Amino acid sequence: MPLLDVRDLSVTFERRGTRPVRAVDGVSFTVEPGQTVGLVGESGCGKSVTSLAIMGLLPRRGNKVTGEVRFEDTDLLTLRPKDLRDWRGRDIGMIFQDPLSSLNPVIPLGVQVAEVLERHQGRTRQAALREARELLDAVGIPDPARRLKEFPHQLSGGMRQRALIAIALACKPRLLIADEPTTALDVTIQAQILTLLKELVDDSGTALVMITHDLGVVAGLCDTVNVLYAGKVVERAYRHDLFAEPRHPYTHGLLQSVPRLDVDRGERLHQIRGSVSDNIPWPEGCAFAPRCDRLVDDCIGETVPLEPTFRGGALRCTNPVPKEVAV
Amino acid sequence: MLRVISRRLVQLVVTLLALMTLVFFWLRSLPGGPVDALLGERATPQTRELLTRALGYDQPIWVQYGRFLKNVVTGNFGNSIRTGEPVTEVISRAFPATVELAVAAIIIAIGLGVPLGYLAARHRGRLLDNATIIVTLVGISIPIFFLGYLLKDWLTQGLHLFPPSGRISTGMDNTDVTGFFVLDGLLTRELDASADALWHLVLPAVTLATIPLAIIIRITRASVLDVLDEDYIRTADAKGLRNPTIRKRHVLRNALLPVVTIIGLQTGALLAGAVLTEKVYNWGGLGTLITDSIGGSRDYPVLQALILLAAAVFVVVNLLVDLSYAVIDPRVRVR
Amino acid sequence: MSDALVEIDDLKVHFPIKSGLLFDRTVGHVYAVDGVSLTIAKGETYGLVGESGCGKSTLGRGLLRLVEPTSGSIKFDGTDVRALAGEKMRQFRRRMQMVFQDPMSSLDPRQSVQSLLVEGLKAHGLHADAPTRLKSTLDAVGLPASALSKYPHEFSGGQRQRIGIARALVLGPELIVADEPVSALDVSIQAQVVNLLGDLQDSLGLTYLVIAHDLAVIRHISDIIGVMYLGALVEEASADQLYSRPLHPYTRALLSAVPIPDPRVEDRRERMLLAGDLPSPANPPSGCRFRTRCPWSQLRCASERPALRVFDDSGQRVACHFAAEILSGKLRPHEVRAELVRPDSPGADAGGELIPTQPDLPTQ
Amino acid sequence: AESDRDNGGGEGSASGGTFIFAGAGDPKNFDPIFNDDGESFRPIRQMYDTLITHKPGTAELTGGLAESWENDASGKVWTFKLRQGVKFHDGSPLDAAAVCANFDRWFNMKGEAAQSQMIYYQDVFGGFAGSKDAVYDNCKAQDASTAVVTMTRYKGAFPGAFTLTAFSIASPTAMKQYDSDTVTQNGDSFSYSAFANEHPTGTGAFTFGGWNKATGEITLNKNADYWGDKAKVDKMIIKIIKDENTRKQELRAGTVQAIDYPAPADRKALADEGYKVLDRPAFNILYLGINQKNPKLKDLRVRQAIAYALNRAQLVQTKGPGGAAVADEFLPNTVLGYAQDVQKYEYNVDKAKQLLSEAGATGLTLNFYYPTEVTRPYMPNPQEIFTVLANDLQAAGIKVNGVPRPWNGGFKDDVQQFGKQDLHILGWTGDYNDPGNFVGTFFGRGKVEFGDQAMTEMFDAIGKADATVDQAAKKTAFEQVNRDLAAKWLPAVPIWHAPPALATTKNVEGLVPSPLTAEEFNTVSVTK
Amino acid sequence: MTRALSDHKRRRIDELIARTSEPGGVSLLRDAGRRLLRNPTAIVGGTIILLFLVIAIFAPLVAPHDPIQRFPELTQKLTVDSIPGATAGHPLGSDPLGRDFASRMIFGARQTLFVGVLATLIGLLIGVLLGALAGAIGGWVDNLLMRLTDVMLALPSLLLAITLVALASRSTQWTVIIAVAIVNVPIFARLLRGSMLAQRESDHVLAARALGVKRRDIVLRHMLPNSLTAVIVQATLTFAVAILDAAALSFLGLGDPDINRAEWGLMLGVDGVRYFEVRPELAYFPALAIILVALGFTLLGESIREALDPKNRR
């Protein structure tokens, strides 16, 4: 049984005076215990909204969430907000993109780590602080005893992100959702954090949902990758399959358009026309159609279904890239 | 921190010196002035001449300025033209009255404003929120002296709920220890005097509190809304913390930061409001002193000292606010 | 290699840290750029990489004299740029232009594309043939003519960046300094802009100084790459050479940190993880600036600052005492204990203001 | 605290209770000679006595500390027969020596600072020791109860001026003890002695109980040894409330028992609610001054046109406080020398226009100065009065250019020092019953205020009338002066006599309003 | 390689693209204006102000009488302690001097607008000038000007106004206007300077510099326009404050000394308070008018601020 089973999750934002925005449109995927699943896609494609919907952290007003988010046997979406709080932090941890703004600037780091232990494990402040020190040590923050008393702004970006990880992992959750945890960081720091995440996940058996726009990041980390485009999953595959034989024109184009360090420099990069923001909300057919090189009549009109492929993968395309063309 | 304080204080002194010089020369260039003010309708030209010489106005302006500066540096602001007392005495008597009033007002403004602002933010878009917004808007738009006037007319005349004016009942034997009547009563165990003073304090304080209250409500509301949008609140939610914990630990403290700044800024407004409120309620504080020193009597020595005092109070209060800000916000503290 | 268009020699840009009782006085400096020398040949692209805060932008701005350099010389096509004054400098700007990182904030939100573009022409008295120039420029960057009447906020990120490029291009400059031109763009758009820059260079014979922190992008578009660390160049080589033979430990770490979108490569890759963070440029370490994070650091590194020297006849330059030893494997890496860095306290007790007391009246 | 709040009404007949009176302003100090304003004089009057005083509620003279007084034929020598057994509050006796000590103190006052603050002395006695203008010569104690004051010349102001509160007799012992003569200049003002501030010592019906400046309360205690009618209340508090509105509200709240100067607009409401509104007999004058520095105004016809143009009856009706009356002369009809048959200027616009055109002064534009930031007993609201008068003048074809000036911040300077105005409004409250105190003050000598320094005929007439020792002759002389002022000279247009009022709660008895605003409170009792 | 795409499908795509992208040429201000029109707060505020403006501009047409004329039929019944109420021809009755109160209320809109607008504009002008100088030149000019505003800001606004009025040897309507204006100078100067400085560091100004645009043009075309929005919002809010301050000065007896002038603040602060018991309308009407107008300006200012806030864009 999967640990997390997201079924047909849709999120629509509605605000008076504006037209409704369907930011997430029928997203389904599963996460097995201990597995690392990637959600990749460009800015605005609905990655964050998906993760927030899973956690029940979307703003209370102005949105409609449909579908199911099953965590083991429980549908998180049907839980009362109050009960959901018991799950968050204990069973599911979450890390956000901007490590500075995600930490409360006026509360010492120690308290911010300790409070989650106090909340879910009934620790006293003293015990929680002691444990927090170990946690900080575990995520590689030097001199943790002193850091406990310090405030977020006194730490560097990398350390803040480590602290956030420590908070998310404090109660040894079975699922960790990381929403672009390294985007705000420099490459050398990014490498540190990714390595750390990988080690922690490997050691604790925590399942990880990794959200990023960087295909390189998923390549080294994830077992399964979901590619999102305009609120929909357009392709899902095991990572080796995905990178070896991307079938969706979008995934394919994406992989071709990023310059790579490990291959010789080509003259020109492959490029995808237009931009994502051009077609949200896209009313009919495949949302990628206007940018697609492989556009055919069938792409417009009917909604294109997500068809399963081999090895648990899936594809949403009427005219996918033939297998031999990829590579 | 010490550096910052000393920096501010040096700036204050320079500012005050500049102000003083400005005021001095401006005053000397005006018609009327002390001579006029000291003489009634009955003065003969001889008396006028005598007085001009007695005050040294026949001397060159630089000599006068030098004397003035020397006096001020030694803490001597001269005598009030109106009452003949040393200015420092006049002011130090009025000062506690205004402070008492202002403190009461700010307590009301904060004590009501922060919770109301917070509630409005939590009920964003709903009835309570809209009602609060409308009330604060009207609070800001109403001429404060008129509000005071109405309150007084409604609550002290027909109903006799509150005394119409003054700080304490006439003839009430209050012992003057600190000049804060409510406090004096407590200090000397004269509880009835204390209660009486408190009773006199209610209406003026409410009047004076109107504008700061409205502003604090608005700021609190806006700032709570801002904080609720912050990433760290989302983090706190992601931790599964309970709502009250989030509210107390994460929302309130951050939301108070701008409120604290506003309180500092409101000291100025409070002083200005005090001028009007004190006039309405015959409250013997700095505000009354200001009106008395201008209307009719042109008591320039007092006025001069008052201007300096107002500036000093403003700067010092804001310094205090900054310091308290540093206590709340660690980002400021490090430096 | 053709002849040099830009020659920078020992350029320094130091920002004073000010504080004082009544009047501000300088209590320290941020050594944003601290002695950089480089040459950009005509028609070439020089790529500059480095971590955030290492002084890349400052170098670019110093070169264009958008910030006044503290010392050093800048020669542009034989002209001593630093000696130009006032009006002369202003007119000279036509020849060297800039493209900014954030396409939104670098475009005045109140001006239509047309007036954004014409402005530069007006400044240089070129607006006589504005219509033709605008048209050809828009064509060159691939925007429709209808864009002229629109405002920046009506465009997508990639299109905005095209406007930014058009603005630089319309004056017909020889050098374009592009400060992170693609970092703010989505991956799928990035390629469009990178290609555009390449195409323009081919058709117009432009010279570029491209600044980026993405090594892969830099490598793709640059002929020569300079790697910066804490205000100074630590290595410089041709794009292929740098990748195939990084000499400086920092370059190695940088290269090994870049994720590669290929699981097969990622799974087999050896990582060289750097400890700690970038030290504060207000208070740089003595000697070699990288020594606090360097796994090969030696005693000498603390006392003596390595100069950027030509390593061998490949023209590769490196600023490391032990580049040869590391390359040959004679020197083994050791554990580095990360040093604590306090990012928010440049110059330690430099003092400074408390937060301004008036939220709606911005002080300072 | 020992709350006195409740015995404010004076419940027991055994104790007289407390009488709380709301005054309108701060006193300066309590040394009579250094003061010149009503708010200072109010408490001073209760603590001190003058040699001669007024019959309650009138301006008629009667014996004060002196049981009787005599003037010799030359008018220069004044002999006072002092009351027996009068004691100062400090216990020292009031005798001729003490009286002379007071006169000598004034005359010999040292220092410009002190002298400059003796406004009434300067005015009445002309100058100090060494000055050739000095009126005072010497004072001799003929015996313990007879003081003889000799002047250098006759002055019409006497004996009225002996009633001036400024010339109250203070205890020489106390003055010596508390250093009464030290007046030191400090900055732009002066410091007074402990005598003036903390130990005022006179012979009055009340003794000084203290001045709480923080609450603005002056406490006076009953002087049980008073020589005259002993105070009916045990204690009197003068509570200073500057705002007329607040005074009224305090009266309604019952926290004070009497207020001074209720706003004219409130009189009716207060009376309707059962409060006693006590009108003082009019003893003041508001006038429209005309500055003859302006050549156009030198023409009598123009000045008369101005007088005709003013609808004073309507002004009195619409803006005059209760009991106000149109003034035809510059002194109230109770004062010696009031003529019944002066030329009256009834409101007549046509006449005004006609006079103007006769004088060739059509299209006249005048600068009309009026004070702001002030109310005076004779002028409760200068701005309104100005607006109405200006309106009248405009209607008669005189263009008015209103120039408002703050009372102390330019008005007095501009009007009395520099004479910048063409027209202005100003007035006067009489100090004692003497025509010289009215017309003499205004028109007895050349003043900048009225521009013309050369109206010698007027100055001489007034000077002569003032110097007349015989009262009957003096009366005739001043009647003529008043007739001439109205018909011939018209240096100003008298507007109204507007008595300021007092208001008390129902249970206050015995408060007799004084035309001179010189009420004595020993007769006041507060019943339950 | 790609299969053929039928013409009508191609057209459909273009259509869809056209539909999803905005029509061109919408400037930020227009955009803000649109948002403003959708905001009920702005509409309420705007309507109040519009009404007020119309009344102010057409006062002579709307008002039944001359506001300073005294009417015999009113003065006849007027005494110091009774003021006649509504009679034929005088719907609101008399004021304390026998003038038509209704006309005075109507002309009051004009006079009040005059005081508010002038005080704000003068303050704005001087403030903007100083702020722009400081922001554009920087260096010691900036230092000096900012110390100056420090001094001014150190005094509470009303106190500063009181002082200025007290220090003015002559008090006229202008004294009040100027005093209230000067109080606002440092606020505007600070505001503008602050945002100019922020602009100076911004990328688009840097871009203009890089283009070689002349300094004057940079200041005038880039820094000023972008800084002015904050100032405009502040100015709208300042109207309200200016009107209230003027009323407060009148109440303190330091206001416009010419009581012929029908200005609401003056009418409330002088007549309204003095004759409150005789005829409370004399206070209620001007007070209500002031509250309403102040409210209108505040609402408008707040909603303009909201509309201009980039956070709220789309």
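Going in written order, the chains are labelled A, B, C, D and E, and every chain counts its residues from 1.
The criterion applied here is as follows: contacts are C-beta pairs under 8 Å (C-beta built on N, C-alpha and C of every residue); 3 or more make two chains touch, one makes a residue touch a chain.
Because the structure is predicted, anything quoted here is derived from the model rather than measured.
By the document's definition of touch, common neighbours of subunit A and subunit E comprise B, C. Sorting all chain pairs by how many C-beta pairs they have in contact places B-D at the top.
Between the CA-based centres of subunit B and subunit C the separation comes to 53 Å, rounded to the whole angstrom.
Separating the centre of subunit B from that of subunit D, both taken as means of CA atoms, is a distance of 38 Å. Work out the mean CA point of subunit A and of subunit C, and you get 31 Å between them.
The residues of subunit E that reach two or more other chains are 166, 169, 253-254, 273, 276, listed in rising order.
Residue positions 373, 406, 409-410 of subunit D each touch two or more of the other chains.
Within subunit B, contacts with two or more other chains are made by residues 11, 14, 30-32, 279, 294-295, 298, 329, 331, 334. Taken together, the subunit C residues at the contact with subunit A in this complex read 51-52, 156-159, 186-192, 194-195, 198, 213-217, 219-220, 239-240, 243, 253-267, 269, 271, 273-274, 277-278, 337-338, 340-344.
For subunit B in complex with subunit A, the residues that touch the partner chain are 125, 230-232, 234-243, 245, 249-250, 253-254, 257, 328-331, 334. Residues 11, 14-15, 18-19, 23, 26-27, 30-32, 137-138, 140-146, 149, 153, 267-273, 275-276, 279, 290-291, 294-295, 298, 303, 307, 310-311, 314-315 of subunit B touch subunit E in their complex. Subunit B makes touch with subunit D in their complex at residues 30-34, 36-44, 46-48, 50-51, 53-56, 68, 71, 76-87, 93, 97, 152, 156-157, 160, 163-176, 179, 185, 190, 192-193, 196, 279-282, 284, 288, 292, 294-298, 300-301.
Subunit E makes touch with subunit B in their complex at residues 147, 150-151, 154-159, 162-163, 165-167, 169, 240, 244, 247-248, 251-254, 265, 268-269, 272-273, 276, 283, 287, 290-292, 294-295, 298-299.
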